[in-house]
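Multiple structures are listed underneath, in structure tokens.
Paired with chain B in one complex and with chain C in the other, chain A is shared by the two complexes that follow.
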Partner chain A sequence: MNSLSIGETHAGNVCIVTLSGRIDSSNANDVMAELTRLISSGEKSILVDLSAVLYLTSAAFRALLVATGKAKQQAANFALCSLAGQVRELFEMGGLLELFAIHNSREEALKQLGGPILRAP
Partner chain B sequence: MTRPPDLIYAVDEHPPWAILVVSAFQHIGLMAITLIFPIIIAREANLSGTQFLDLVSLSMLGLGVATVCFCIRSRFIGSGYLCGAAYTAIFLGPSLFALRQGGLALVFGMTVVGGVVQVVVAPLLRRLRALLPSEIAGLVIAVVGLSLAGLGVRYGLGINAQQQEINPDYVIVAGISLAIMIVLNIWSKGYGRMFCVLIGMMVGYAGSAVLGIFDLAGIVPEGGLSVVRLPRLEHVGWSFDLVLVPPFAVASLAATLRAMGDVSNAQRINDADWVRPNFASLAGGVSANGVAVMFCGLVGSCGINTYSSSIGLSGATGVTSRSIGYAIGLGFCALAFIPPTAVALAAMPLPVMGAALFFTAAFVFTSGLQMITARMLDARKTLVIGFSFAMAVMADLYHEALMGVPIVLQPIFGNSLVLGTVCAVVLNLIMRIGVRQRASIELAPGRINREAVEQFLSEQGARWAARRDVIRRAIFGVVQVLEVVGDPPGGVEVEASFDEFNLDVRIRYVGAPLNIPERKPTPQEIVASEDGERLLAGYLLRQSADRINARGTGASVEMTLHYDH
Partner chain C sequence: MTRAVDIRIRNDVAAIGIVRDTLDSLGREFGIPVRALTHLHVALDEIVSNVVKYSWDDGGQHELLVRITVRPDRVDLEIFDDGREFDPMTAPCPNLAPEGQRPPPGGLGIHMIKKLVDHFTYERIDGRNHTTLSKTCEVGTAIQRSNK
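After this line comes the complex of A and B, so read on.
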């Protein structure tokens, strides 16, 4: 119930990773592994869409921070978008907003990252 | 505070001068309707033409001073929001009773006492919040909405206790006024929506003049009117009677609850993320109400209150700028010295009043319902709200029968709002017996089930009528602790205890206590190892709970997460 699903699509040169459900210690390593794999495979712009994430814990923040560090090493762009509800509250509460490149919407992020504008599914 | 997207001018914004003036005039028109209550007192007291006009002018001065007091944003007085003032039926019952017992002097003297009660209660509101929760304030607003709608229908149809036949001319004027207000509010934008009530009222005045309903002659004194005149205080005097303290104190309590509801409503209209009232603003609003009531008593008028319709109007038009409140205050103070305007407002045609009251009542009533349902309603709250609402409605339905109670109780049973409020406060007190509740869940080793914890806290939250946002934070806290604790050999016990104002969650297990740092770990620390993740978990727990405590006895650990409610 509400388990994590990871979707992947491309918009121009931007790889969009859509996370849905809950991210905690039971599945944060899957997120970290997938993001690390994409960065290692040579993706130069990765956008993580969090609009469908219901909930996350410290394990999820660590996974995203590890991916951010890896992207920096590989000179790749790594950004998050569409933080809403409790997810945004947790970012704000932990003072974690400034640790990531965060965009309000997928469209805004794609404009910044250089991909074509797509409608969110 | 998050600005709602549909606001045109929010509380701290300054509209252009033209919009400011017209908006203020619109509120003045709406607020002037409530001059009906001092007018009723004046008529019951058989005041002469000049004294009648003095009382109306001084009542307008009271509306001006009260509105400025309500809107001021300061530490001791004022809500800081656009909040109009109104004479109210709440004080009408006690005032008429005082008039019969000791004349106008007793009305004015006891009105001052009513104001003192509110000034005394205002700083205690936070401590009294258990007795005056926001759903009761919502109930008061909903009952006010119903009363306004009832009054609107009566005026719009032209019926009263003596005249039960519907007056077709009144229906035509009220119908046209109301239709214009609705059409402009729903299907127009900009000026049309902003000034829908004012335009509707002006058309109503014109229609009334055509149909002969607008009659100035009946109210103009024999000697005619001067353009500017200082109102005299000939009718003013003060006396006091201990027997009248209880009904005026109850009326003040009802007015306090209405002010709390109105100010909460103004806060909600101006904040898309509103979940609970800001008590500093509520206390400022109530103390302003007390000062305003005292002022009205001193200048020879009757009890005043915040005006739900004015707040409903600001929500309907999307113009909630506090500057408009100051403009309304100045406007009323100036108009108090211009007798022709006092006459024009005092002679407002009943069907025009009816249309404006009925229109704004819709916004007032639904705001009350929203405030009631902002919290989960358990059986206790359901009974408090349901019974009190029913009592308020019954006070109007069976008015004659209920007036058979002893004379001291008549001010309570003779007014739907006062009866509903008293009923809600008393029932709420009774229902607080045994309100602190506890529940726990055991998670066996190897079966640390986070979903079970979520289900446990969600179900308890619903049972206890806890706020959803607080329960969400508690679920996060427990899940985060369990994530770090892992699967301790003796399992985990989660115990939650709750009363109206506190949620405490205790998590007991055998193992190492959690590190709860005050400093946010650096990204490098978080990324370096899973210890960094634990540091982040501890930091997030500290940030998400209002208080957190970890206590170890031998190998046993008890973590306490406290959340203010």
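After this line comes the complex of A and C, so read on.
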């Protein structure tokens, strides 16, 4: 049973990827493939919303690290937002918080990444 | 009250869903606290994927046994496999810098397991690897909470 879902939407020039469910060794490659596809397609700002993630394992962290590296190569922004309690705890356990651009909320991230909220009066 | 469930899976990451679903069912049935259950799920995925990826290098199909034992004060996860001798405790620590590069195989996962469970042991017995992870938790409290 694959219990991961991946949703996408745009807010201005930011592509928001919403991950829901569990990201583990059985489906982390799907996340990596989709993020890599978006970066290769020319997206210049990608925000991954983790608010609906139940947990993630090292396979998922690797996928996010690879995407971070690819975004850097393509001069694209790549950020994460909305790490809920247990998800944030797992990032902390892995010593991973400092390896990503992490925002507390989608709104805060969009302000930084230049989404529509920044342009609102 | 102790319940042990044995699950035999093939050496394929796609098969990990079977043990994940079994742990979910046991979590619901016995009221394993949510945070402990999450830690067990992550640790289980790390150790089983580690065995699947690194125990055999012949490209063939193999089987491993996962035993989940729910006790009043803890949950044990045991993995038995007949792959090459490999003590996961000796896996290197993650080297995550420079940013964007993959850490060494297994390193981050093993580091996570050490943080997630209370006991992590490895033995080589009769040509088989036997890895045990134990998480201390008050089993039954999640049921009590949900009944309130």
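To be clear about the criterion, the second predicted complex is superposed on the first by the 114 of 121 C-alpha atoms of A that agree within 3 Å, B and C clash if a C-alpha of one lies under 4 Å from a C-alpha of the other, contacts with A are read in each partner's own complex, and residues count from 1 in each chain.
Definition applied: contacts are C-beta pairs under 8 Å (C-beta built on N, C-alpha and C of every residue); 3 or more make two chains touch, one makes a residue touch a chain.
Since the model is a prediction, treat every value here as computed from it, not as a measurement.
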Could you say whether A:99 touches chain B, chain C, both of them, or neither, answering first, second, both or neither? both
According to the stated criteria, A:42 is in contact with first (chain B), second (chain C), both, or neither; which is it? neither
Determine, for the superposed model, which of the two partners chain B and chain C contacts more residues of chain A. C
In the superposed arrangement, which partner chain does A:72 touch: chain B (first), chain C (second), both, or neither? second
Of the partners chain B and chain C, which touch A:54 in the superposed model: first, second, both, neither? second
By the touch definition at the top of the document, which applies to A:25: first (chain B), second (chain C), both, or neither? both
Interface residues of chain A shared between complexes with chain B and chain C: 1, 24-25, 55, 57-59, 61-62, 65-66, 68-69, 86, 90, 93-95, 99
Chain B residues touching chain A - in the complex, by the definition given at the top: 450-451, 472, 476, 479-480, 483-484, 520, 523, 526-527, 530, 532-534, 536-537, 539-540, 543-544
Chain A residues within the chain B interface of the complex: 1, 24-25, 55, 57-59, 61-62, 65-66, 68-69, 86, 90, 93-95, 99
Listed in rising order, the residues of chain A that touch chain C in the complex are 1-2, 22, 24-26, 54-59, 61-62, 65-66, 68-70, 72, 86, 90, 93-96, 99
So in the complex, which bits of chain C are touching chain A? 13-14, 16-17, 20-21, 35, 38, 41-42, 45-46, 48-49, 52, 94, 96, 99-103, 108-109, 111-112, 115-116
